[in-house]
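One structure is given below, represented as structure tokens, and several questions about it will come after.
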Amino acid sequence: MAIVKELGTRRVFMGKLAHGADLLEEITTICVDNKIKLGRIEGLGAVKKSCLGFYSQDTKEYQYLTLDKNMEISNLVGNVSLKDGVPIVHAHITLSDEQGCAYGGHLAPGTIIFACEILVHELDGPEFRRGTDQVTGLPLWELQK
Amino acid sequence: MAIVKELGTRRVFMGKLAHGADLLEEITTICVDNKIKLGRIEGLGAVKKSCLGFYSQDTKEYQYLTLDKNMEISNLVGNVSLKDGVPIVHAHITLSDEQGCAYGGHLAPGTIIFACEILVHELDGPEFRRGTDQVTGLPLWELQK
Amino acid sequence: MAIVKELGTRRVFMGKLAHGADLLEEITTICVDNKIKLGRIEGLGAVKKSCLGFYSQDTKEYQYLTLDKNMEISNLVGNVSLKDGVPIVHAHITLSDEQGCAYGGHLAPGTIIFACEILVHELDGPEFRRGTDQVTGLPLWELQK
């Protein structure tokens, strides 16, 4: 059964990320610098290259795929919560190439920004802490009913 | 011409869905249990298998495609409104496989959660009721100017 | 380094777009009619045909791809800000065809709506003005630290 918490809304940050920087790192820095411990994230833009994670549900390990070509960020969706006491960004990305073909996956380090417009909406409520989930092996939220 | 209504924002719910459950059913249950009649939905995660709807604009019928493989949920976007007096979730999903290839469509029953992080933002305003639209054959909102 | 601004949230508009109209034009009209100068946009639906932009990072010019087939809008994400003093919508779209294959890119004029449900969340803050960015050649936000 789903476990959801009722949250309040707080600050909204919107802006642009640095050309040539690492996408995941840039978003994480916004959260750390602004002391955002909980929130939702969205974005669009373009990347020079990307690194996508795919979680193998069998081996319970991430596999990483590097796509060394320029692509549009068709969509970026994610959240920020806490892991080991510090803000951690979890985001998934959809990309598209020159022929319009779309790719997607877990946003991993190594995805380099060409241009990116981002929004982070801070949320307010109980701490959302990530810890290893026994069933999936993923760092899921340790939420109690 | 577009018909939009100005709405207020109400409660935000964020959390995780149950491993092994039906994705559409889980989101619907959150809305029903919390008496959410209007809202926006977003999510990311992974599925064990999926069922995607594609609406044939010619025959005016949904065709369903079952993808029997583990995939990442690159993006989930949707809304909740009312149909026959009860909350109904309308969502579209983008998925990606081990090679990073992306798939997408209308989220149909039969999409089984591996892990999913979801946000439902309740909205406040006039009732958004779905009824059959004559032009498209779809259950669109019966909004008046 | 990222440049983000802290913004307030204002009005939310949700509704449906006109069958047969141009998708980018319809969203822009909502923003102009309601005097929305800053905001975030999301949507889902279906198109009769589409026109996707891909920005060549080498030539610094957009290339356009017309996909002349019915597709689902798996996701639409974007924002509204100002260019030359008037509201301009910047959106990226993910589409999917009858086989579930996904496509994506910069939403360009020529994308024709079959049905579309849209949300525009107005934001409040300093003006976000677009001007030509020297490094990328794109009309990015001229934000100061």
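We call the chains A, B and C, going by the order they appear; numbering starts again at 1 in every chain.
Just so it is clear, contacts are C-beta pairs under 8 Å (C-beta built on N, C-alpha and C of every residue); 3 or more make two chains touch, one makes a residue touch a chain.
Since we're looking at a predicted model, the values are computed, not measured.
Between subunit A and subunit B the CA-based rotation angle works out to 120°, given as a multiple of 5.
Of all residue numbers that take part in the contact between subunit B and subunit C, under half occur on both sides, making this a different-residue interface.
If you average the Cα atoms of subunit B and of subunit C, the two centres end up 21 Å apart. Along subunit C, residues 9, 42, 75, 77, 94, 101-102, 104 each make contact with two or more other chains. Touching subunit B in their complex are the following residues of subunit A: 1-9, 38, 40, 42, 52-58, 63, 65, 67, 75, 77-79, 90-94, 101-106, 123, 125, 128, 133, 135-136, 138, 140-141, 143. Within the complex formed with subunit B, the subunit C residues making contact are 9, 11-19, 21, 26-27, 29-30, 34, 42-44, 46, 48, 70, 72-77, 94-102, 104, 114-115, 117-120.
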